[in-house]
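Think of it as A, B, C and D in the order they're written, each chain with its own count starting at 1.
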Amino acid sequence: MDSGMQEKCGVFGVFNHPKASDLTYYGLHALQHRGQESAGIVASDGKSFRHHRGMGLVTQVFSREILDGLSGNMAIGHVRYSTSGASLLQNAQPLVFKYSEGDLAVAHNGNLVNAAIERKVLQQQGAIFQTTTDTEIIAHLIARSSKKYFERAGPEVLKRIDGSFALLIMTDKQMLVALDRHGLRPLSLGKIGESIIAASETCALEAVDAKFWRDVEPGEWLIIDEKGIQTGRFAEKGDISLCSFEFVYFARPDSVIHGRSVLSIRKELGQILAKEHPTQADVVVAVPESSVPAAMGFAQQSGIPYEMGIIKNPYAGRSFIEPTQELRDLAVRLKLSAVREILEDKRVVLVDDSIVRGTTSKRIVQLIRQAGAKEVHVRISSPMVKNPCFYGVDMPTKEELFANKHEHERAMGKVIGADSLAFLSTEGLLEAVDVDLADTSSRCIACFSGAYPTKLYLK
Amino acid sequence: MDSGMQEKCGVFGVFNHPKASDLTYYGLHALQHRGQESAGIVASDGKSFRHHRGMGLVTQVFSREILDGLSGNMAIGHVRYSTSGASLLQNAQPLVFKYSEGDLAVAHNGNLVNAAIERKVLQQQGAIFQTTTDTEIIAHLIARSSKKYFERAGPEVLKRIDGSFALLIMTDKQMLVALDRHGLRPLSLGKIGESIIAASETCALEAVDAKFWRDVEPGEWLIIDEKGIQTGRFAEKGDISLCSFEFVYFARPDSVIHGRSVLSIRKELGQILAKEHPTQADVVVAVPESSVPAAMGFAQQSGIPYEMGIIKNPYAGRSFIEPTQELRDLAVRLKLSAVREILEDKRVVLVDDSIVRGTTSKRIVQLIRQAGAKEVHVRISSPMVKNPCFYGVDMPTKEELFANKHEHERAMGKVIGADSLAFLSTEGLLEAVDVDLADTSSRCIACFSGAYPTKLYLK
Amino acid sequence: MDSGMQEKCGVFGVFNHPKASDLTYYGLHALQHRGQESAGIVASDGKSFRHHRGMGLVTQVFSREILDGLSGNMAIGHVRYSTSGASLLQNAQPLVFKYSEGDLAVAHNGNLVNAAIERKVLQQQGAIFQTTTDTEIIAHLIARSSKKYFERAGPEVLKRIDGSFALLIMTDKQMLVALDRHGLRPLSLGKIGESIIAASETCALEAVDAKFWRDVEPGEWLIIDEKGIQTGRFAEKGDISLCSFEFVYFARPDSVIHGRSVLSIRKELGQILAKEHPTQADVVVAVPESSVPAAMGFAQQSGIPYEMGIIKNPYAGRSFIEPTQELRDLAVRLKLSAVREILEDKRVVLVDDSIVRGTTSKRIVQLIRQAGAKEVHVRISSPMVKNPCFYGVDMPTKEELFANKHEHERAMGKVIGADSLAFLSTEGLLEAVDVDLADTSSRCIACFSGAYPTKLYLK
Amino acid sequence: MDSGMQEKCGVFGVFNHPKASDLTYYGLHALQHRGQESAGIVASDGKSFRHHRGMGLVTQVFSREILDGLSGNMAIGHVRYSTSGASLLQNAQPLVFKYSEGDLAVAHNGNLVNAAIERKVLQQQGAIFQTTTDTEIIAHLIARSSKKYFERAGPEVLKRIDGSFALLIMTDKQMLVALDRHGLRPLSLGKIGESIIAASETCALEAVDAKFWRDVEPGEWLIIDEKGIQTGRFAEKGDISLCSFEFVYFARPDSVIHGRSVLSIRKELGQILAKEHPTQADVVVAVPESSVPAAMGFAQQSGIPYEMGIIKNPYAGRSFIEPTQELRDLAVRLKLSAVREILEDKRVVLVDDSIVRGTTSKRIVQLIRQAGAKEVHVRISSPMVKNPCFYGVDMPTKEELFANKHEHERAMGKVIGADSLAFLSTEGLLEAVDVDLADTSSRCIACFSGAYPTKLYLK
């Protein structure tokens, strides 16, 4: 993955389990790839909340002692990534409030496109905000709803917000689970005996040994409490527009989304890529780890052997002291290394899952050449990223996008030093991800095509 | 001081100084005795806020780097003490909000007696709360005010809140300074050239070399901005009811309140105590540090020499590992030690400023006897504390108060092991603290007398 | 890898480079897999030392500020893993001493088999020890050597120590590099222009973009100083007995040892394994990450397709809160997950690089069955581990070793729940690792065979 | 105290008490004024050591958990102050070693004047050093002693070292207590039932409620073990040369040294000062806290009333962010404040215990003038400091000493802005501190007079 696009959140919830916080901790650990900046858990014992949030990874934020303090049969948790500056603990989720009906906690993956206007209206009505998140709007809307009880106010409020949201809301006794009408973010349900689990991805259900139950449907809400599970809709069942970048890069390969394993889809992306762009070469290598399945698919389809030509330092994920000017050239070498025995005198197909800024791609191509490769053919298992995302993905400005800086693949290939460069087509992408879905369904491919599934609003 | 009563906050503000945050840091350091649990500073550069808050002492919460980040010509700061449980960073002040008019920061010393009812009404109107502080109510009231501009909404809101408040409120461009109608907490103003400083005590003005300007009057507000200083009243000028415990114990001895140095008043309390309770003895000693002035006053009046018979470990303020059961008897020795050369075979007058729970007094009397004293006569430079404080002082429940557990001084004396025990009379207290004030003025002596200066409200 | 065997150290040194400490930091980061408990760097500016050591990963121990303080043209560094208890910072290397000739720093990978007797003799001569490491012995021997200058004393001392040692010793102006007579640990040399680099593995040379120069020979020493490079031998050139577990598991796959890439050898181990134990199956999967190359080799040889049937949580390396009793069964799921789409109804070959205790193997087999596999055939790309290592590898006691608890592969297979279990033969191992070496050369296979290449000593 | 002279260590030891480490923790807390840079405790259960050392105050270095880990019936502890640079944890005491007879721990207050030559000789014999402390020499000498058992080797070694040392040495089963032949540092013994306590000052005995037993005599050693207490001498009983600065400033006022309370001596210093330098004035004030007793003595003798004219910020001891250039003038105000009500229009006698650099004195005089004083007469309760200390006190170089920069008191007074300045005479000092001692005894007054009680050695 050429650094640049970043999923921003993961959510996890447990209803009716004596170890609710422990399970949430493990669930968040399994969802850590969706957000590394902050983590938080709110637990309820049916009467009041206990919560803890902190900056950093799940493993850094929680200790055994803290976790033991988060007692109760219900819990929701959140991992978050964000770009904004300094003191951001206040933005860490789940957000926790007190309102007329008691305690309220909100964990949200996604982005409300009508946040700016709703925030303005709320402020004009006298609301005060303590965070800069769009998530706080949801709590205000619930507190101000004309519907008195949470089970009415909660679903009502969902009609008023637009954009992407995989949402867990907890009161002292109830949990609301909801997914935006376009199903832009994944959200699945599982069971452990009588306990209900909700998670951004099925890999988190697997981590806590929950049995997969079903995906939450776009436009659907569930309220889970002592009386059982109520479900309803705040929007008609329409097209599903799940973010296709979840398949390309964001989701963990062992997750299953809408019935398909992400791993299989990534392999298929590589196979279609090989069909679309046949290449004469001796070896296929991947940019580890994310691109390995696509590279294996490319190899299977093309008959060119897949080899581990690039190795990732297993400790590369840790934030290390960046090289100063004198040693700047080492940047890529500290994370990746090329295996000369595999690459020397070879024509190499380098498979990556995407190019966003292009800067890393250039360095990797150079690394492969230094290891003796004769030719380097870069193949990308997704289309060119050309448009901003309004649904919660952090990415560069339009001007910074590699695909907007250069006219065509040939020019781009030169810039990164490759002998050739080719991207998967949008059709190829849809073919791979769309198979098991009924004909009305679809995917959000706005970052590739510019066709946004929701209304957009001025800020 | 027999542990038990604890001032809960100090506030400090700077308008129009290039080093506003640095000055606030030093001002808070000088006010540290008013609150040791958390500290915070919010600065404004006229356009937006930067803020930092943390648990611990001012010196622990801020670093040079953090302080350098708090740029701007205006700043308000707060130190806080609180009894409540675990994760309290969210309650640290100044509280910071965004509302329809922009940014808002609130720093508050005191306690709103009508907080519970106002909070309930606000929640019924749809307000959501992120803290358990009464201070957050003030921000909600401003945001919901029918008056549009802050300079109108701010003063308006002051009419609606009751209780004790020395208050600093900041927007991006303005600072509001206000004191409750009873003047229950001290609040003074100073100047450094063209800069305006507000502080809970004059010792903080001295620390930053500001010239004392004047005390804020009860029921008065000031709004300071680029246009200058506006002042007004939200309540008629009436009786001043400044907390008399500020003179007895809370305030720093080098502070000047309403024209009198706290040090002088404490000496005078000791002198009146000596007149009210003449004692045959060889030496007067104090419980250091707070009771030294009263002991010196007692010595001057009685002619009995003052000596440093009890020495405080200079590192006693640090929180150390408390002795476990086996070594429990060491508790007082780790903080105080008795000087045998001064106490042996002597009749000792032990002056303390107050008795709240009585537990420490007993241990100190024992320590003095172990050092060889023949007689120990305890003299307290304030009346018996019998009633709860509703104005922001943390103290034990009525049942835990020493004076409510025993019928008269003789019984109390026996409990603490003294040969005699005597308290200052309420008249004596008022005589010492009241001198420079006009006849209509007064002091809050509710914790001694039970006569509260404000309405009280059900919770 | 079935947890249980653990390499204990990595060393890295730089001579004559203006950024010696920065390079050492990056080199140690590349060697982090060889030791995660502590890290340290000592730098010399030709006159005196600056050093820093700490518990934890390289990225945790050093900050930009600390690194900037480690100025000088020479540096040596060390990463360490250890089993011993609490306060072990004192054992972190490089060890630093002052002796009659000036400063001395020692970084050591390996284990001295005659440490106990040498330590006893030294203590009887009046030596005092501050660590419990065998490495401190080397410093004492140098300080007590009858040879006056370091360039004589250093090589002299090497004759007196026995066992495994890849050794870097630094004085204010000189660096000594040495490898034990059996070459039990890897140690390579590289160059960056005029600068000399020494590293436990070539992956660290790659990380700092050093050109590989040559391996240090068994029994060889080099002293590098302003006058140039002197080399010599403290032992005759004999058999090389490099630890074969370096190839099986310890070394990074992108390292090259004695001319062979570790990756290729691991693939070859898998190929030979497939030849030795042909298996009827539908899919080959690996225990990630370490066993992937062997699994790919097995697949290539057998013609059974390799698939990513087990996925590792990318954050699994972080130490997380272990599940308490109620959730104990989650232990393996928090690290690994099985992909149902790949495994369901399949006959699975599971390739792992070794079995030490057997506990993890059992859990992984179970995980694969839960994902629907029809049959699970476990194939291990190394022989059975039956004997303790005396050369610096941390492993369980003889009684705890899986291979010593059960009579034959069939019994072992039952214990871990596999349909069949097979190990690579010792001959197969030697065939894979031995190819490019002359006929006199060999490998240490003592943990498999019990034939130790050195004398052993009583403790 | 005008900053500049700094005691460097305190020692505390416990033999035969089930809570040995807890008592040592409290004892060190009481000795914290003798060293704030690092703290350490070593405990023995009769078989092996457990130890913990860290940078910072006793309360920062130890937690309940750490203390609980330091089990055993014996313990020694140390607090240390030092000027040297960065990574000094290695120099923190007690130092711990392993040698031929087992474990060895050394805690040392003082300075060996023959350290450089002994270190050189030891290094030439092959010793290696891990610290830069003179204390490590003692351990080497014990390990190399020709006497086999510790009870012989320990006392033997004391004959070979010269300078100042209050020394606690512990083996697994024994404790050695020793004081240098001149008795330059204080060292007292106490008892709690059958337990023996050793401490630098009696205030630490008081803190743990130990009964004072006796002072250790100069030149005396004690070895305490299961068999009881052996004592002996390594030097003839000669003149006592206890550091007179202990009385002037270092020791806590509640300590008793050679039978005299430090508090009383300080008062007497003030009385003699008043006799030597009669002054016309209205009020006597002290630089708090250390100079209060001397100021009270001055007031008693002169008949001029003592008042609390300068108040210290109770949090001044914490290290705060120093004012940057723009606010430099605040430096003294952040620590001290002057009480106008006491000082205005007054002729003030300012009593300080010493002037070392003179910089602080100047600022305090200015502060008093700003508070309205008409005249400021500075009176110092010790003679001029003119000579370096070789016995473990940290002080400025000879050139930096205030008394060496100016010819006479008149010139010095001008520099600090005082109307007059006067120092106590050496005779006056000796009169105050010498009373209860036999005629042969004496005090070390080398820093005032230049007459050193020991041999001096080249470095």
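Some observations on this one:
The definition used in the following text is that contacts are C-beta pairs under 8 Å (C-beta built on N, C-alpha and C of every residue); 3 or more make two chains touch, one makes a residue touch a chain.
Since the structure is predicted, the reported quantities are computational estimates derived from the model, not experimental observations.
Over half of the residue-numbered contact pairs at A-C are shared with one candidate from A-B, B-D or C-D, namely B-D.
Using the average of C-alpha coordinates as each chain's centre, A ends up farthest from subunit D.
The distance from the centre of subunit B to the centre of subunit C, with each centre set as the mean of the Cα atoms, comes to 62 Å. For the pair subunit B and subunit D, the distance between C-alpha centroids works out to 36 Å.
Centroids of subunit C and subunit D (each the mean of its C-alpha atoms) stand 50 Å apart.
Shown for subunit B are the residues in touch with two or more other chains, of which there are none. Residues of subunit B that touch subunit A in their complex: 51-52, 69, 86-87, 89, 95-100, 104, 120, 123-130, 132, 139-140, 143-145.
Within the complex formed with subunit A, the subunit C residues making contact are 18-19, 22-23, 25-26, 29-30, 32-33, 57-60, 62-64, 67, 203, 206-209, 252-254, 256, 260-261, 263-264, 289, 292-293, 296, 308, 311, 313-315, 317-321, 323-324, 326-327, 329-330, 333-334, 337-342.
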